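In what follows, chain A forms one complex with chain B and a second complex with chain C.
For the complex of A and B:
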């Protein structure tokens, strides 16, 4: 207990220095918390993908449509559990910049392939019955302040109505949520049948197929069978797991992970140097006192521990404030960014990582001064002072 | 006044010369400001490079027609009859072959990105010689032009550098079709270099597009003709298109990476606060380290102003050295770095980081702010501590 009093006194002897050092650590963990949350949000599509879900699209690119007949052909294949399909609607609300990701789907099969999407049974029934109804994700509802019963005009930047114009009127029949906070709900679903009947180009084509296999172990076999089945047809296919598909999409934006890692690493390294230097300096100033403590009979190892505990306390003091600050920022930004980013969540995993890094920071910055305190020779220390 | 100057000069010199005594603390401050500047410059250079790649592609004199509301070329469409109507528009320049109009197709194909070895979207543009002639700065750097009516294509220099398998003479399969690379072209580093070009009629045929196109480019008699063209588009009910100057279309697309610049400013500003805390620590240490010196100088008649200036100069020097190191590092690692990302039409745009002098100014300004604030408060203390206290604490 006495040791703790000494450590406390040592920490707080120069209030300005304590404040500045804590602040530097605070900033490092603020950046860490915010950036890791951002990264996990961007990767949530990969993390949340089901291991038995496959995506089938046109071999040339996902912008080329597939014939509707493929749905039943794939359904009949071995190892396939459920099959559904989707069309990219290219939706926007009022202004082309205000994108609303909208897909035209078959309600029943889509929700059976995506069991993580949760809708109140009553809302689901209303939507299934209502041809011109739309089921919107919670994130979209929040970002646009839409409620059940609202009539929303959605325009397409690709399709036109048979009757002319590019704007469809939809009624919000329900709002779907995810069964896990990380499931993205930033899109809306409309009826494929209605869409196909009202759009001007006609033709029974779909954008891509999504299917579940009866067992993830069959994924490879099923993908191969599908692609081989349609080889040499007019629309050859490319089947990949949902995870690979989402990862390829994220990778297209560029190496975000590397950039983010770079920033966090540099921020950390900088703070490490700043704090490490301060600790070295603080201990050097105390050379005399440490010599006195040793003269009084304090064991070297006890002093060694005291210095390390001091640097760790400093790291946790700044670090916990920093991660707390990041949590508040994320909470505040989650609603503001709902239009652009998947759910921002600072979860236990990130918090746990932060705790480990605080400990590492404390140990690294404390180790050099602790060793020099350990080795300090009483006689030379006094003669130097 | 002159004594003030000579006093200040003497103190500045003493401060700088005593720097090695506080070597590690001083280096920490230099390093911290270098990192802040380097991170800021990296993000700004990324955003700037992308913008330049887009903006340099557009011409003021070319009208660009896409269907109203389609926002990007990929989503637009134009039937053969609509193209004919556009050709009749006023304000379009004509030569011996008729109106200078280029109807074009824009389809997405897959290429393997060298950096990730993953498939990424590339645009395959269908056009004819007329369209090629509208691209300023177009040159073939290797091979020859594709022959109309064949499955030959020419490849932008950016694609060759960032993607596998597009070298001259290679055969490429997209779905069922095989293409032959017969030429590599450059358009001076702009976005067109991220594209593959082939004959429009062949693409219409292979991709079941009938006789329809997606976007239309037309050379205008003058940039002022745009008004007349748009009036004509509005008065013609069979046309659902709008025209804009090609340059303004690309300027708009170039802004899509400006969030990177914002992100860079936010991150580096927050980091600057952390660096500032470190720098203040350094400077307070410097002042307490030289407390004896400062007290002596003030006792023998140096003004407190010279003590203030001395500390300020030290802080500014460290920050400026840091910003130079940071700028140099950013220049070495990032300037000209070639990379690619998703552009407005869901396709890859190859671009290079570009560090302009203007960006360096921004980086150095940020370091100067850090230097100023971190110098000011400790300098204030140096100037204000009573001589007697300084002597006591220095002992």
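For the complex of A and C:
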């Protein structure tokens, strides 16, 4: 603690250099925070996937429907616990740009397969009874300021009503939440039965099946059994874990992981060189002062620690500002992008990771100058000066 | 003044290796410094003055021979033990003051006290006393860049005495100062020797500075010689 004042004075002795170095680190952690949050948002579907949840879709594409009869056939198979199904409704409110992701489901079985969705019992009962009711996610409700009892017209850009038109009127019967902050609540659910009876074409078909197995160890066996059972039929299936299904969906955008790794790595590598070079120069110009400290009786190991602490402080100073800046950006963007990226959250995991990287940056950039300070010979230093 | 030896050098040799060549600075050097001495060491450049000062200050170690301080061998101490020994026993005064440019006078003087277990208030009290001793109480908050050479050297003296060491080592302490300021600094060293009993060894080129010492030794080519021999 006694050395802290000395470390602080060394760190702040050249204000412009301190500002520029801190700014470089600030930029690196700003990028890190923002990009890692983006990756986390894109991967949240994968992260939140249940171990024992499988998705069965048409072998060609998930846009091809499956016969409704598959629900009971799959339910009867060994190792299957619960089965539900979903149809993509699409959906937008008033303007096509105002998207409301909506799926037509069987209420009871859907919520038993997705136990992470939490609905007040009274709201659930109302929705179950009301065929033209809609259960909306908390995020959608907040984004549109919808409340229970509201009548909302939703249009589909895929389906038409038997009576003509592409707009269905729904009553908001309930709002579901997630049992975890990362659970996606950015979509809405309508009754499959009502949807199926009122839509103009494609009756008695479903978009895909979702099932849970009795044990995650049976996933592969059950997947294989389902696909073999429907092989050579008109609608062959492709069964995968929910995690693989979500990942495949994300991978359509591109190899996000590789892009993010590339950007973060390049930013860090550049900053590492800048900060490392600054630290080496800073210590080099202090050769005489380090020799004086050693002459006065400061042990080499103590000076070594002082240099390392100084470089770590520098990394934390810029890093914390950077991650703070990223937090503000994410907070601002989260509101704007709630519909497309509902889980844009700079959470504790990213913050913790950033803290580790700040420490690593501080140690890497400080180790070389700290070693040269440790090894500095007093006589040689004074003869140089 | 006591006649007890504070420093004793027995058969000390110091060799430097430069490439394939080995250069001998001292061979078989013997000397002693009594407690309470104010010794001036004079000699031409390359005579080994600074090397001797480094050995006495424990910042360098002899190639062979023994160096004892107050009866304890210091030539066989580790680097860490020597650092502690320097902190406890030696005050250093350099030609170019060597103050930390980012610290004010008081904080510069406080540096050796950071190596002690004194509390912050005790340290402040000792710093104030040391600055008063050198007549710079009113300059405590001034940065080195805001002070003259003489004032900076007085801060350096305050830093050297703040932890009350037995022994002061001065390397050309007036080499960078004008005559009048040099005399003030030398009077201060004299006072530290006569009134506070500090043992002082001062390396100097300046015969006028050497006059302030209680006695002078002359070094030439690694050997102590008489003053007349140095002039030949």
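Quick note on the criterion: the second predicted complex is superposed on the first by the 382 of 385 C-alpha atoms of A that agree within 3 Å, B and C clash if a C-alpha of one lies under 4 Å from a C-alpha of the other, contacts with A are read in each partner's own complex, and residues count from 1 in each chain.
Heads up, the rule we're going with is that a residue touches a chain if its C-beta (ideal position, glycine included) is under 8 Å from a C-beta of that chain, and two chains touch if they have at least 3 such contacts.
Since we're looking at a predicted model, the values are computed, not measured.
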Just checking: does A:298 make contact with chain B only, chain C only, both, or neither of them? Give me first, second, both or neither.
second
Just chain B (first), just chain C (second), both, or neither: which does A:13 touch?
second
Between chain C and chain B, which one touches more residues of chain A when both complexes sit on the common chain A?
B
Applying the touch criterion given at the start, work out whether A:3 contacts chain B, chain C, both or neither, answering first, second, both or neither.
second
Under the stated touch criterion, which partner chain does A:158 make contact with: chain B (first), chain C (second), both, or neither?
first
After lining up the shared chain so the two structures overlap, which partner does A:277 touch, if you call chain B first and chain C second: first, second, both or neither?
first
First, second, both or neither for A:27, with chain B first and chain C second:
first
Is A:289 touching anything from chain B or chain C once the two structures are fitted on A? First, second, both or neither.
second
Contact footprint of chain A on chain B as seen in their complex
24-25, 28, 31-32, 35-36, 38-39, 69-72, 74-75, 107-110, 113, 115-116, 118-121, 174-176, 207, 240, 267, 270-271, 273-275, 277-278, 280-282, 284-285, 339-342, 346, 348
Hey, which residues of chain A end up touching chain C in the complex?
2-3, 5-6, 9-10, 12-13, 288-289, 292-301, 378-379
Given the complex with chain A, which residues does chain C contribute to the contact?
54, 57, 59-60, 79-80, 83-88, 92, 94, 98, 100-103, 107, 111-112, 114-115, 159
Taking the touch rule as given, give the residues of chain A at its contact with chain B in the complex, in rising order.
16-17, 20-21, 23-24, 26-28, 30-31, 35, 58-64, 90, 92, 96-97, 155-158, 160, 166, 232, 234, 236, 247-248, 251-255, 263, 266-267, 269-271, 273-275, 277-278, 280-281
